[in-house]
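In what follows, chain A forms one complex with chain B and a second complex with chain C.
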Partner chain A sequence: MSISIEHIEELKKEFAVVCCRAEAGTIISASNLEDPAIFEELEDSGLLKMPADCLKIEEVLGAKLIKTIDSLTPMTPDMFESINKSDELSEPNEKAVLKYNKKAGDIIKAEDLENPMNFEKLEDSNLIKLNERVLNREEVLGKELIMDAVALTPVTGPMLKGYVEKECNEVKPDKKQSVKSSVLKIKIAEGKGIDIEIPLNIAGSFDNEYECAGEKFNADTIDAFEVNEITTNTTIQEPKKLRSLTKKYYSIKEVKFGEKTKIENGILFIREDICDDAKKGIDLVKDIKIEIITPDKYNTYSETIMDVQPIATKEKEGKIGTGVTRVLDGVVVIVTGTDENGVQIGEFGSSEGILEENIMWNRPGAPDKGEIFIKTQVTIAAGTNMERPGPYAAHKATDYITQEIRDVLKDIDDSSFEKTEEFVQYRRRGKKKIVIVKEIMGQGAMHDNLILPVEPVGVLGGKPNVDLGNVPVMLSPLEVLDGGIHALTCIGPASKECSRHYWREPLVIEAMNDEDVDLCGVLFVGSPQINSEKTYVSERLGMTVEALDVDGAIVTTEGFGNNHIDFASHIEQIGMRGIEVVGMSFCGVQGALVVGNKYMKHMVDNNKSEEGIENEVLSCNTLCKEDAIRALTMIKSALNNDEIKVPEKKWNPSIKESNLNIIEKDSGKIIDRVLNETSIPLSDKRKNKKK
Partner chain B sequence: MKYQDKLIEMKGIITQVTDGSVSIDFKGRLGSMIVPMRMIITDYELKPGMEIGMVMSFPEVLSEEIDEKYIKNKKAKLERCE
Partner chain C sequence: MASLYKFPLKMHIGAPCKAIVKEGEALERGQCIAEPEGLGVKIHTSVSGTVDKITSSEIIIKAHEVQSKDYIRIKKCNTIKETCCEAGIVGAGGAGFPTYIKLDASIPDGYVIANCVECEPILGHNIAMIEQNPEVMLKGLQYAMEAVNAKNGIIAIKSKNKKSINSLTNSLSKYKNIIIKELDDIYPMGEERAIINQIFDKWLEPTQLPLEASSVVLNCETLCNITRAVEEGKPVIDKDVTVGGKLCNKKDVNIFFDVPIGTPVSEMIDRCGGIDGEYGEILLGGPYTGKAGSLDSDVVTKSLGGIVVTIPFPKYEGNVGLLVCACGANEDRLRYIASKMGAKVVEVLPCKNVENIRGVNKCKTPGKCPGQAAVILKFKKAGANRLIISNCSDCSNTVMNSAPQLGLGVYHHTDHVFRTVNHQLTRRLK
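Up next, the complex of A and B:
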């Protein structure tokens, strides 16, 4: 596939290979050139062999071919009338700004410098600030850096080895002066009650030594400085408690049908005629049945599981994300459904079958082994299984039943709750500030989610993200963990995030409790259908994240498909603003990313299946605690400028294991690995395969 | 698979668009398929009659074994409906 005009600037130093046959007389343009990203693969498969004199893309652009060449031929000088001489350094008198992250000891080359044509845009968006201290391009070429510098840092004298300040009319800085337009990064690995104050807004430059607030620092110990921002607050503060959420658990040992819905001595009774009322008022719902599945019935047949939901309610009309939530322990609601013709809701090939063969137990979004299921089977009007009101109706009818249970749960005596769990949201100013971006489906029908219903994982009051235009919506971590997301997601059983997943979202829990980072919130963004809408949503996300002033972001998505296009775009929008970003998705073999960009360098794969595929086992490939730990470690490494190795070309599950081993070795803690489909009863299909 | 790198460019027509799915007929009467919305990539709002393109190989039978799970589930479903 040829390369796009937008990317030509980034790729001009790469080798030039024609993507398809080019006739003599052709003037070479981007459309004639193969994407360099696939060269390694082509070389491996023997389809391509790079000659020593292969030309670079910048050398062939606009050049005229004198012979006809076949597809995938590397271009050499003998094929052209004349080639563009590689321009070593254009515009030498423009300011020098680094294009990439550089380390101390690196020699600055022409290609390391940002193209001056972009300066205006970058200055407009406050990404760089050019003043008289910034050196010219020709002055920095070939010079060695004495400190690490991030991309888009304008190069100034003190950053270079052997730089002698030119005689100028600036006054030598006073010793008590600090650094104008610079960041002083101070790393304190351990400490207590440290209070550092640094005066700002005083003109000056680094001398070998300078003094601030009575402390002496040697300039050599300062590991980086960026000219485009000023850190105003280096004081390490105590974590600030924002809000807390208490979940009180009432243990259910048995579920039965009874005359009325009630909870007594650990037994939940469900009104026998509840289904008649549940379907009233919803025209699309033709029938509804409830089955109570106890562990001894795990080997029975079930329609495709649409959703797994906790049964929980707010105490005293509290709001989601704060206060007290009452939860029934040991029982979950499972939504299943078909239309009148027996077609599954959202059917694309069936994944119905024996429950225990199709559920990956104990995943955040799945039932835990031993739990009782209240399984509804909703029949909706024929032909509505693929229309938006269809899946919604099935969820709404089920919620009628859950709501009746919630109402009786509200009346239980407070002393009957055996277990409580407290979640506290802290802001940790002074620590690296991060945001979690969760991309949810928003293509329509079952690709939808209700945001912030009145009751945990309820329906009433929830706004579908499709109706909100899929734009970013910020939730507090506690709102997420308190059932703020009701997922309608229905396909991709192994990778879809059911409502219960958000209720127990491991990344949110891990990031919230991590004392090394300051989690500012969880930003939900929908994935619309059309590319232009995806770009619209993604650009809003970029602006939102920019305004949040975070140091890092973790972007997650569920499953694969066209949502990987916005996933890549979200990472680009965040990365281009100089924010470190880690991406998390199910990829494996089957869900390999369809697009990529240069900011997608820190990626975590959620795959757990043996073969790297969508294996139709509910929640098998969803985000688990071990993935959350990997992502958090990766973002922290990226923020510390530690080296993160480039991934291998092909999917290799052992990378995950070796990363976990490194984390275990480093932290001294053992990380429990979750099981995969090999732990559940072998279906006949897999038995046959093994023979 | 023996023929997986024999890639053929296929063209098709969108015949039906619902809120959750897209139905496609391959040109040349070569078959049809239904895919979920999230599996189709588009710059335009989807409408019946639009042309799609994709690269495919031939469906290739992997072995003579029957997927018993599928047969079992189909039976269970029938029993349930009766």
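Up next, the complex of A and C:
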């Protein structure tokens, strides 16, 4: 089917393929062109094969065919008398360097600018020097030269007519270089809300080494300002410290049952009869058992792992997200369970089996290898495993036990904490402002999250996300890292974010510590079950993000499939408001996005599995530091209008690797790659799947 | 179609040929119009028409309006070598060395190497030919092997030309003892001695011919011409040409097969829509070894493969040093470029690997740098502010490791050509 004239503008960068036979002599118009939306299907079904030199729609519109071509033929240059080379400026943010010898009075056109591909070599050869004074390509387009300039001259402001006046009236609050190359300084003794921004490059003279030698720029226009010191309010401000959080760690070497719960000399004793009390008053809990799993017992069987939780407590009635949190190091709580019929809780893919075959060690949300597990196995009433109260009851019963440990942790002498860690939340005004949006499960059946319990990853005081209507709730990064989310998520084990994931959330940590961005907060938004609610929620998210006035947003999700509908809708609601969005999700092969929209152009895949699948290994495909770095780099690139390449049609794990390589090369830092399921023993379940 | 076709009497290495036709004489396409006096091969007309004028250097033929693809066949010869002489075959890659002389050898343990490297950037007609019809070249290689009694044939081709290699591989099963040798994409990989070094890991002296490595190296199109001469009796009257650069049809590279020899260069440019605005020069040949041509007088010859319309030269009215290398532009060409830029030449130095063999610069080890720091220091002392260099990929890399550090600017003589077609400049190797 041909494309309509209304759509031609947005499709002009797509490949040009004729939809029906076109005779030699035809002047190509929209009606001759196949809709690019179906190219992928056509290619998959073998009806279409794109040649390397296939022309773009903008190149063929109005061009005359010299050959008769049949339907579904991709158009190539040899079929035309001549094609339109787009006069549109490519790479607008690259520096402007003249390609031809030019005279005063010449107007600079796109074709007059040197291709940036060779800038590095030309600079290296001492033929050009691209400093901050050199304007960008888009800045010089259509401008008139006021002096003669030879080919390979970088274009600076003083070479152009009308440049100074125009820029002086324009306020660009975040020109980084204005501070770096500070030649002009301004002092304003009194006054409020004065915004002054002057491109300091106008104050310099030309470097004599370059072609424009001799043409001195007259800086008359700026003489009016007293040269002194910078006190304007548009310059970059110091980062502002909002609050801090200290985690103190007490190292546990052994966990034993004892008469009462206590901590002594690195040994945690758990009251022997604690389970009797834990299930009291919770009707749905029929039985609860505790197993202490030390590393030598990693090869024992376990029911599906519902959650992994840190054992931590606030000091002196402190609030989550600030003050001091006491943490037991070397031990985690693991919640597991079945219903009375032995059906796993959360059987949408589950991780039951030999522990060491089903846990991806050291993921943010998983146990670290070497840790001791206090593993509860909760039996809940038959048939309640697939509705909200069942899993909630299992978590609540487990938390009774954790709380008893928290209470004794509060009483430990302060001197016995050997390690502390400080997290500081800064706001960095003047930097690109971003928000992290974390989509959490809230589909009413069993997926839920408790937001902001009183204790880190506690139950008491936490508001269930579903009861809040799944609408966006803002947390500070420190609240997230202090156990502000208690996850009751029971989706596929490999991509679900356990409570411990939020406690060590890599994206929040990386973004909070990134000096190039101003992270304003972390918005949690649910994924409701009913379609009308989905729109309601994502529209609220859009409005909230709009009101935040951010430059960019990173949206993450867990799981795949159903939640991707919300995920796409969240990104759309943010993107349509002119805010750059990066999306992060497990996709790979199995989790390929089922829906999409035009704002979903910056995507980061969290997959780590070899085959791109939900492999039922706990936390295998969750967001790790390497993914966080990629997402941050991507949002920064998007905000700088750098080109981000369109992904390939099929899943290709090497894209991730090549992106990481680029970041490593750019930053000079090595990024550790996490291991995947191939590093742990193969479970029977996975063996069978392979067959 | 142009009406006047010019046939230079010297389209080869050797002495000019002597015209054997008279002004006003009617001619048929394929008819012999000049014969060698000394080293050389016959020249045939590529058009039917009448002789318009004969000068000391060329025969001008006025072509009939309607031309046929058909031609007068050459006489049957007893040997392939003789056929090559009769058909006027010379090296089509640029040098124009008479092929029958190359084939005057017997190397039973040796190799015929098909030079399909096409190492000058922009040029693409050889690779395109192989991709579309590898058989013509393969057959030619087999005839050449037969002519010199060589058992083995090697096709030297850059590994980046995947499609052509596929196409060759698919056809290769029919041919015995022919293998493909894939080479890297650097200049001057297609130089005869560079190819031999790549294949046999041995450098020939600049004075030595490939024969001393028991090899005969023949260009792809030359091999095709052998096939055509042997099988169809076709003399060399048509040439494959790549036209590129600043053209109105906005295509950086235009490939034309079977262009009649003698066709004016200006007509080839017109076939690409004409020149797009201001230009620097009409480069005949490839970016490295080509020379400035004339729109008025130059024509397609037996060895002209490339026509590139370049952007204007960048102006630089300062002192330049010229570093002459055997693999690229010679001193004359560098002086020409410097004058076009408006620069003052203060020093001219050869790369230390250059040897002048019978008036032609040859590099001792094409593509392997001998070090350039000493010459760079001399340029600096002579007062040069910038250099114009004509080195190969490897030597340019070396220059880049010293000249800029000494404050010298560096142009490569191919810059204006590559900037025209948005090709990577020759500088540091990555």
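The rule is simple: the second predicted complex is superposed on the first by the 452 of 691 C-alpha atoms of A that agree within 3 Å, B and C clash if a C-alpha of one lies under 4 Å from a C-alpha of the other, contacts with A are read in each partner's own complex, and residues count from 1 in each chain.
As a convention for this text, contacts are C-beta pairs under 8 Å (C-beta built on N, C-alpha and C of every residue); 3 or more make two chains touch, one makes a residue touch a chain.
Since we're looking at a predicted model, the values are computed, not measured.
Visitor: Touching A:82, do we find chain B (first), chain C (second), both, or neither?
Guide: Only chain C is touched by A:82; chain B is not.
Visitor: Could you let me know whether more residues of chain A are touched by chain B or by chain C?
Guide: Comparing touch counts on chain A for chain B and chain C gives B.
Visitor: Please indicate which partner A:100 is in contact with in the superposed arrangement: first for chain B, second for chain C, both, or neither.
Guide: After superposition on chain A, A:100 lies in contact with chain C alone.
Visitor: If you stack the two complexes on chain A, which partner ends up touching A:117: first (chain B), second (chain C), both, or neither?
Guide: second
Visitor: Looking at the overlay, what does A:559 touch: chain B (first), chain C (second), both, or neither?
Guide: Only chain B; A:559 stays clear of chain C.
Visitor: Just to be sure I read the superposition right, which of the two partners does A:152 touch: chain B = first, chain C = second, or both, or neither?
Guide: Only chain C; A:152 stays clear of chain B.
Visitor: Go through chain A and flag every residue that touches chain B in one model and chain C in the other.
Guide: Shared contact residues on chain A (touching chain B in one complex, chain C in the other): none at all.
Visitor: Name, in rising order, each residue of chain B that touches chain A in their complex.
Guide: 18-21, 34-46, 65, 67-70, 72-73, 76-77, 80-81
Visitor: Under the stated contact criterion, what part of chain A meets chain B in this complex?
Guide: 301, 342, 346, 348, 350, 352-354, 357, 386-388, 391, 441, 443-447, 490-491, 527, 529-532, 559, 561-563, 565, 594, 683-685, 688
Visitor: Could you please specify the touching residues of chain C with respect to chain A in the complex?
Guide: 248-251, 273, 278, 311-316, 386, 400, 403-404, 407-411, 418-419, 422, 424-425, 427-428
Visitor: Going by the contact rule set out above, which residues of chain A touch chain C in the complex?
Guide: Within the complex, chain A touches chain C at residues 77, 81-85, 99-101, 114-115, 117-118, 121-122, 124-127, 150-152, 211.
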